[in-house]
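One chain, chain A, appears in both complexes that follow, with chain B as partner in the first and chain C in the second.
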Partner chain A sequence: MNFGLSTPMVLLLLPLALLPLLRSAQVPQNFPSIEDIETDPVSVAVDWVLRLAGALAITALILGIGGLHGLGRTIEKTGEGAHIVLLIDRSSSMDNTFAGRAPEGGEESKSAAARRLLKDFILRRQHDLVGVAAFSTSPMHVLPMTEHKEAVLAAVDAMDRPGLAFTNVGRGLALALDMQEADTSPAARVVVLVSDGAAVIDRKVQDALRTAFARRPINLYWLFLRTEGTPGISSVPAPGEEDTPQAMPERHLDRFFKSLGISYRAFEAENPEAVGHAIAEISKLERSPITYTERIPHEDLKGRAFAVALVGLLILLAAKLAEVRLVPATEGA
Partner chain B sequence: MTVAPPVDLPYQIIWRSRALRQGAHRSTQSGAGGLFRDLATLLEHRDPRRIDLRQTLRDPFGMLHVRRFEERSQIGVTLLLDVSGSMGFHGAARKMALAADLAQVFAAAARRAGDTFALYAADDQVHDALSVPPTRSRTGEETMLAALRAYVPKRKGASGLVEAAGKIGRKRSLVVIVSDFLLSEVQLEALFAALSGHDVVPIRVADTRESATLPSWGLFELADLETGRRRLVVMRPALKAEWQRRIEARRAFFRSLAARHGREPFEITDRIAWDRLGAHLAAGA
Partner chain C sequence: MRERLDDARFWTLLAATALTCLAILLPRVTLTRDVYDLLVIVDITGSMTTRDMSVAGKPASRLDAAKAALERLVADLPCQSRLGLGVFTERRSFLLFNPIDVCADFAPLETAIQNLDWRMAWEGDSMVAKGLYHAVEIAADLKADLVFVTDGHEAPPLPSGGALPEFEGTPGKVLGLVIGAGGTDKVPMPKYDDDGNEIGTYGPMDVPQENHSGPPPPDAHLRPGYHPKWAPFGSDVPQGEEHLSSVKSEHLAAIAARVGLAHADLITSPDLLSAITSNAHPRPVEVAVDIRPLAAALALALLVALYAAPLIARRIPIGI
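Take a look at the complex of A and B:
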């Protein structure tokens, strides 16, 4: 641990700490002759304890006055986790319940459920680096990759704001990949896409995503918050219905993801419990070793320095209180 | 505490002074006055005024016999005063004040008895400023006492006492040593050896605060008055007993050494018991 002083000039006073070693705090009392009397080990020990206590007290006081602090620093540690980007759908449909209505009474909207469960997930994952991005009509860079849980939780909370109408999955994904791009560590990379619907991805955007995904392996999880009665990921079009991305965007987005050749899983959730299960599943899957840095903050050690000084001074005070005079002061001089 | 010193302290000797000068003490001189001592022929003692007719007539050879009497002579009184640092101890009393009181009384007593009085103050050397050469005069006595009362001992050692012993002279005299006798055994022996020709009255000045009334518990730092060395002491009953044992052992050594060289020492603790000192000196041994 490295230490620093706010006012290094006080170190000039440090030689004062030698004073107790040279002079004792007790009042010397004249005595005819001590030469003949052997030194007593207990007294010698106490003498040294008092001298060291004095030196310690002065040193600690000087360091305290100088503002002793431990320097902040970062250390690398290894744990289990991943670098996760939460890509959250902010389209207005997310503010509805799973039943597709505006929430009433005790009902929970899809975004509220997702928020609650995601926050839970973030809190349980200790060493993850989490970034947050949102998308509706256009993607929004909410929070860069960070390990500050409070920031992530706040970003997830910000999903609360009413969203816009459209769902632009393609550009959202591109943004999430960008966010992972800057990160060069060998940790596992995860993109969690939380949405309640899909949209057609432009052919050009599809190509760009394909290249981006090919460049670096990314685990993609799609948490599909399905509204009751709408087509699911695995819905097969009824005979006679057309099987196009425009008609069945979920089915085609899923097929696109599967075609990327990356580790991909889709979770279809129709109620908050299912969302919870899906998140627990993701949590279980993403357990690869990760090196993460832990920041040790700048630590104020003044208080401790003063506490040490207090201990030294109390020892000296006790010695002073235990001091006796051979000749009562009233008779002196 | 300040008992006024008596004007006189009659001291006696059990030996005979060899001094020619008349005084108050028994002498080896024979003369015309005092106690009858023996008879001698007129040829031996040419004092026809003291012819003993009876003895002369009784002598078959017809020799003239003369009565001889003991003369009383003076003696020299010397006070050897230890002014080393340890005498600066101020406990229940000031050791130097006690020493000055003793000097005052001995000077007066010597003057009254017609003896010479000399004072040699010494630590590791003889202090001429404080010392008074042998004198019968009263002049300078006040100055001497004032100087003694004002003196603050600071130097270490008492080897000057041996040097001062050499200044006393060869004629047997009464030597009063006033000291705390915190000398090393070697120094003590040297001092008594140097004074072996004299009648030595050691007076040991002690203080209850340096031994008897030491606190049983407590912490204090002592500064040795001789060496200036400091030592922290955590006093407790066991250590106090140990200290007192050592101080007592030192005192016992001194007493046996003093007794071997003549007189039992007189000890002063905190205050001078003048009547006891008078009795001690009057006993003469």
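Take a look at the complex of A and C:
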């Protein structure tokens, strides 16, 4: 175990511990001459025990006052989980209900439903490392990969605030991949894209994404919060309709993801229950072994330091009680 | 025994021993301490990339200076304080995450602050007053006080007369601070291309010098080429210094006063903590305080006195 002091400045007081080695706490007494007294080993030993007891008591008190503690450590453990980046769509259409209108009465907006279920997901996954990124018109780094559940929940909580205008999926994904890139552990990597629509991904960005996905395996989940009556991932263009990314962005985004050659699944959810099922499914799929760290909190050793000081003090006190006052012979006669 | 009772050394030693026993046995006491719940909104518009600040003696952009000050604030805030983060561009503030504990969640909080970037901005406009009003709304909803960091550079400029937009909330419900980031001298702002590469600085023709969305100023008819219908602002190329930027302290003080916040400039008061603690709602929390070291310190003082007294008294005793 390593030790630490909360207030290292107290070490400046440590020279005080030398005092008992120089001076005795016993009462000095006059004695005509000590020349005739031979040094006997027992007396020398007693003398040193007393000096050391004083030094020990002072040292222990100083360390205790300085807040002596055993340093907290992190130990690595193995569990089940993954390193997840939540990529959240913060465009303003997320503020609507699944029926595509502004929520009223007891209705839940898409983002509120997703928020509730995602929070539940995060709480149930014990050993995951989760990062959060948001995208709308531009990609936004929200939280780095972290094991601090409270922070992740706070970031998910912020997702049902009114969003911005556009849905720039491509750059959002690039940011999510960047966040995964920064982390070098061998754990399973997951990107969970939560969005209610898709958009055309720029050719240049498409190529960049292809290279980034090719660099290392990433499991991609697309939780598509579909508004009733709008084209979905599997919608096929009616005869005579255009089959272009501009006309059917969802279908083409799905095709693009499939063409990446990565482990990819899309979940199309048209109501809160379906979102719940999709999240439960992701939770079931992502169970690969993962090393996670567990913090062992630091241990307060002040009490023990004071106990050691008490031992030294009790020795000194015993010596004090054993003290005998020498009485000059003439007065006694 | 009687002699022992007269011996000051005995009593000192006994007292030191008793105090040490006390130091072992004393329970923690509960004290009340004030902590703060804050929402920090940082302006990430283009003018914040102007390099007229310094961090640790090196030139830095306003955004970097703001980030450095915020990192220090997070470290300085008392534990159990909470801090949420958001960014401002265009006319609105965007919440990244709700307030989280500055001690327990220190690491992600610090990294999130470091990762604030002007590239997150979604629009080129910078309507500071409206962004501040919106931030106050979010803060009220989160039951937090607001720290709004900006250089106060309105783009497009406010309409003639400088009237502030209407604030619909209750001034003073949310307390906090508007922090001005930037130097006092007007300097050119860096300009970036679509891929985020710096390509020089803004010239006078690159930015709107005057707000043409409202009615023209009352003296517009004196301008050359004035026509009430076809050229209500005159026909000359507007002259101005909107392409140069400095921290707009007066404007910030005005909009801060409008919503009931205080105002401070980063260059004059780099210590955000004291400015914030005097302008935010304190939230009292109970903390367990370890007072054992106090008893131990007294014991130590007695013990040292016991050994040092003879030295100080310059009496040279005959040791045993």
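Everything that follows uses one rule, which is that the second predicted complex is superposed on the first by the 228 of 333 C-alpha atoms of A that agree within 3 Å, B and C clash if a C-alpha of one lies under 4 Å from a C-alpha of the other, contacts with A are read in each partner's own complex, and residues count from 1 in each chain.
Basically, contacts are C-beta pairs under 8 Å (C-beta built on N, C-alpha and C of every residue); 3 or more make two chains touch, one makes a residue touch a chain.
Note that this is a predicted model, so its numbers are computed, not measured.
Asks: If you stack the two complexes on chain A, which partner ends up touching A:141: first (chain B), second (chain C), both, or neither?
Replies: Once the two structures are laid over each other on A, A:141 reaches chain C alone.
Asks: Applying the touch criterion given at the start, work out whether A:157 contacts chain B, chain C, both or neither, answering first, second, both or neither.
Replies: After superposing on A, A:157 lies in contact with chain C but is clear of chain B.
Asks: By the touch definition at the top of the document, which applies to A:238: first (chain B), second (chain C), both, or neither?
Replies: neither
Asks: Just to be sure I read the superposition right, which of the two partners does A:75 touch: chain B = first, chain C = second, or both, or neither?
Replies: After superposing on A, A:75 lies clear of both chain B and chain C.
Asks: Determine, under the contact definition given at the top, whether A:132 touches first (chain B), second (chain C), both, or neither.
Replies: Second partner only, chain C.
Asks: Is A:322 in contact with chain B, with chain C, with both, or with neither (first, second, both, neither)?
Replies: first
Asks: Which of the two partners, first being chain B and second being chain C, lies in contact with A:303: first, second, both, or neither?
Replies: Touch status of A:303: second partner only.
Asks: Could you let me know whether more residues of chain A are touched by chain B or by chain C?
Replies: Between chain B and chain C, C touches the greater number of residues in chain A.
Asks: Regarding the shared-chain residue A:12, is it in contact with chain B (first), chain C (second), both, or neither?
Replies: In the superposition, A:12 touches no partner, neither chain B nor chain C.
Asks: Figure out whether A:31 sits in contact with chain B (first) or chain C (second), or with both, or with neither.
Replies: both
Asks: Using the superposition described at the top, list the residues of chain A that contact chain B and also contact chain C.
Replies: Touching chain B and chain C on chain A: residues 24, 26-31, 47, 323, 325.
Asks: Considering only the defined contacts, which chain B positions touch chain A in the complex?
Replies: So the residues of chain B in touch with chain A come to 86-92, 180, 182, 207, 209-210, 214-215, 217-227, 229-236, 239, 242-243, 246, 250.
Asks: Quick check: in the complex, which residue numbers of chain C touch chain A?
Replies: 3-4, 7, 9-10, 13-14, 16-17, 20-21, 23-24, 84, 87, 94-101, 104-105, 107-109, 111-112, 115, 117, 119-123, 138, 290, 292-293, 296-297, 299-300, 303-304, 306-308, 310-311, 317-320
Asks: Using the touch rule from the top, collect the residues of chain A that touch chain B in their complex.
Replies: Of all residues in chain A, those touching chain B are 24, 26-37, 39-40, 42-44, 46-47, 50, 319, 322-327, 331-332.
Asks: If we count contacts the way the header does, which residues on chain A are in touch with chain C in the complex?
Replies: 13, 16, 19-20, 22-31, 47, 54, 57-58, 61-62, 64-65, 67, 90, 132, 134, 136-144, 146, 148, 150-151, 154-155, 157-158, 161, 164-166, 300, 302-303, 306-307, 309-310, 313-314, 316-317, 320-321, 323, 325
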